[in-house]
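Next, two complexes with chain A in common: one pairs it with chain B, the other with chain C.
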Partner chain A sequence: MNQRGERIFDVIYQEKIFLSLSSILGFILIWHILTDVLGLFPALFLPSPEKVFFTVYEKITVPVGEEKLFGHVGISVVRILVGVGIALALAVPLGILMGWYEDLDSVTSPLIEVLRPIPPIAWIPLAILWFGIGLGSKVFIIAIGAFFPALINTYIGVKFVDALLIRAAKTLGAKDKNILWEVVLPASVPLIVAGVRISIGVGMMCLVAAELVAASSGLGYLIMLGGDDLKPELSITGMILIGVLGLVADRVILAVERRVIYWKKE
Partner chain B sequence: MAERKRRQSSRRLVLSILSFTVVILGWYALTSWARMVPPAFLPPPQYIVTDFIRVIGSPYVGNTLIGHTLMSLQIVLGGFFMAILIGIPLGILMGWFKRIEAVVDPLFQLLRPIPPLAWIPLSLLWFGIGLKSKIFVIWLAAFVPCVINSYTAIRLTDPLLVKAALGLGVKKQRDLLWEVAIPSSLPVILGGVRIGLGAAWMTLVAAELLASDAGLGYMMQMARRALEPSVIILCMLIIGILGALMARGLRALEKRICPWVKQEEH
Partner chain C sequence: MDGNQSKSKIVADHVSVEYEKDEKNFLAVDDVSMTIQDGEFVVIVGPSGCGKTTFMNTIAGLVRPIKGKVLMDGEEITGPSAERGVVFQQFALFPWKTVYENIEFGLKYRGIGKEQRAEIVRKYVQTVKLEGFENSYPHELSGGMKQRVAIARVYANRPQVLLMDEPFGALDAQTRTIMQEDLSEMFVSEKRTVLFITHSVEEAIYLGDRVVIMTARPGKIKKSIQITEEDLVPNRRQMGFDDVINMKEFLELKAEIWGLIKAEILAKHIF
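Entry: the complex of A and B
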């Protein structure tokens, strides 16, 4: 039974890889046929896959606007890191305090509940008015977007720690301070890390939005410029790079997560 | 115990109201009374009320407040319902049929890391700045979570339920899908719908900020150009309230559709 089972599994597995590969290749092939062979879509509308490829290749050395391709990537990365960094530096401590001190929770919650439903993107006009179109407004938007998921997750993580753990620690003679530092915080780390992951995702989205609306550099600017200058290949280049950046960020967080919460098996 | 709990919750209420009042009063004091912040930067709170009264009756950049709001709602709901109609069946098919999964999933993974917002310039190029381009982007934003949640929910159907159904004499695959897999996945599918609505609302604001001639996002953008931050803040509040109301409505619907699920608080 075992051998036969394995063989069937092999076949299914191979078929899956085959179907997956042919689906991606088929997608590119159809794209190629529609644009280059049949010419159904003019290049101003949908450029061919080769054209996108060569655009990526070319822009590595030829500057667009003020920067070359990786210059734009670098600028976007800096914005994201600063924005998310500020958000985490504020949200995680505040979340811990709110989860731990009931009175602080009562004071801050209503304000947060008013601000939270406003999508971070809706802050863009006000941010531009306040900080101009430079680094400040982008960092502000990203920080607002990244702040709430990190805050809420930290808060929930601290507030709803398994009561059994706390009671056990109390029985063993722990003081309040020790309970917070040695029981509650370690127990809430998985949720906090999950919050950070969501924060980075939202931060990415805010970055793109802020750069689309007003910027003269960064990946969002490339995407917008492609639309304005009727060079869709430039937009697609920016979209691909944003996607890659998102994937890399997610991988990094997952690796960190595995390192930090090594005790939690998947 | 009950007595203590009641006292705690009334203390919470008092603190909440107190913090709210302090913030509004502080805002008023800073802007209107001490005049430390110029109104072009942060308007006093009462400006927002007077602006609300002004724009609800007479048109502001082409429409009254109600007109702009209806415009935004129409687009968001259009894209959102199309996403549900296409996304959920596709997700269910992907979760149930291994072959469909193998073909569609890689394409999906390829497109997924790109934030839906980043499609806005291409969408404008393809569909112009009218309704169609916005509906496309919003559809995309809501479509992805709908597919992912239905796909994972169906795939991870509890094998125990399937075994029990088989043991009870269910013969046809179709019955297994309709009577076991889909009902047991409903909560997760609806969760995806809720995430999709949030994403759609956020993307709509971005699309309207970028290119539009009506809607709340457009109104904010125009108010920014006219240096009227009170109108911007008014729009932000309305966007926040509408988003929260729609989420609330979906939650109520969820409770109606799957009453057996215990709802979590956040």
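Entry: the complex of A and C
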């Protein structure tokens, strides 16, 4: 092998691309063997990977229901972004205030402790009643689901900031207001970001749940439609896209995390 | 500065402090009275858990005594203030701030302009020998360097009183010796009132104008020993640590103080 080739091989090896891809490729291979090669499952139960691939390829140009494939993806992404966005806009400031002001904590905690265990899915009937089956009800369900993890993480982050740092700030002359902005908030960023990450994950679950129950678009709708029309390849297409979406979201958050928590030990 | 009439900077007047553990109250500091003169370097030594830190925290204003009071310049201390800077054993640097920003922290609240702040930070970065590390983050520094930043941060803030709670306790022996020598030098060039806590008798005698020995918990003052010029050579602050600790006078003082602490440890079975 020439030098250049070796170097590329080194890079690939170091980045562990082969290792990372091996499980996915292996999974597809086994799936292929079970369906196409051995024919253990009828296509109506479990379509082959090839069939799913061609479904994806076809639906990029041919609409399913109201939208083409990426139209459905786009609609789901918008729902997630708006829902999680609203949740974070409410949860992070509230979590900061609750962690910082003990009185507010005492007042709000009981209500939150009662609302928190209610699964977001349980809100679906009310959401449809209040917001119809359009964007509103999906956003509502996603926002409910994403709200609590962000709230709890932010609250804990603020409440349990290293007391030593607060003492240090006080003896350096910082007042309460300075301490909140200059010490407590930066110190709780890692937990807040971790909360955002959980919120996005929960938001995606809520998205699919909401789209399964009442929707005429989105990835959850595709999954449901696949079942209704006995086209499992359509369901699998939806599932794979949600998986990819989740992966992308997680990578984005990790990149953001590395940016804002540059000061943490590796 | 008039050397004849020294004035009291800090007065602790019959101070008792309790702390809570497992919903029980323990007496940590028992009726301690102490006066620290302006410009004096006082070191407290005593067995582990004797309430040294708790006592220092009352002076910092971080803990309120249940009995007695602590005064600075005749005024009762009711809370923390930039006039009483603290160097903590665990450094307590802000990990998201650079060395520069850490040292600058207190200055912003003193209403000092940006340019002047930069000048002050530069000066103290130099004093603690950290040139070139201004833009490093604490996690990139060694323990000794972190404590240098913490000391610079407090010095730059120009508190009237410096409280140092086992500042070198977390450092290895070699680093510790160097830090002691540097602090000793800094104290000569910039005289401040200092209260310093340590476990090390050698460190106490090397640094202190006076060494106060506390009893095991609840902490009381057992004895206060002046490290006067007659007892030790007057310019020991400019001498190396290793040179001082081998002097005859030093060894005698060390034996006396260590004897007092050892008696305390043995009497109360805290080993």
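Observations on the model:
As a convention for this text, the second predicted complex is superposed on the first by the 234 of 266 C-alpha atoms of A that agree within 3 Å, B and C clash if a C-alpha of one lies under 4 Å from a C-alpha of the other, contacts with A are read in each partner's own complex, and residues count from 1 in each chain.
We adopt the following convention: a contact is a pair of C-beta atoms (placed from the backbone, for glycine too) under 8 Å apart; a residue touches a chain by one contact, two chains touch by 3 or more.
Because the structure is predicted, anything quoted here is derived from the model rather than measured.
Once the two complexes are overlaid on the shared chain, A:L90 sits clear of chain B and of chain C alike. After superposition on the shared chain, chain A has more residues touched by B, the comparison being chain B against chain C. Contacts of A:W263 after superposition: chain C is touched, whereas chain B is not reached. When both complexes are overlaid on chain A, the residue A:I236 reaches chain B alone and has no touch with chain C. Of the two partner chains, chain C is the only one that A:A168 touches; chain B does not reach it.
Contact with chain B, but none with chain C, is seen for A:V114 once the two complexes are overlaid on the shared chain. In the superposed model, A:V183 makes contact with chain C only, not with chain B.
Comparing which residues of chain A touch chain B with which touch chain C, the overlap is empty.
Note for the complex: chain A touches chain B at residues 12, 15-16, 19-24, 27, 44-46, 102-103, 105-111, 114-126, 128-130, 152, 156, 204-205, 208-209, 212-213, 220, 223-224, 226-228, 230, 232, 235-236, 238-240, 242-244, 246-247, 250. Considering their complex, residues 8, 11-13, 15-20, 23, 40-41, 98-99, 102-107, 110-115, 117-122, 124-126, 198, 201-202, 205-206, 209-210, 217, 220-221, 223-224, 227, 229, 232-233, 235-237, 239-241, 243-244, 247, 266 of chain B touch chain A. Across the complex, chain C meets chain A through its residues 60-62, 79-82, 84-86, 88, 90, 92-97, 105-106, 109-110, 137-139, 153-154, 157, 163. Within the complex formed with chain C, the chain A residues making contact are 164-165, 167-175, 178, 182-183, 186-187, 189, 262-265.
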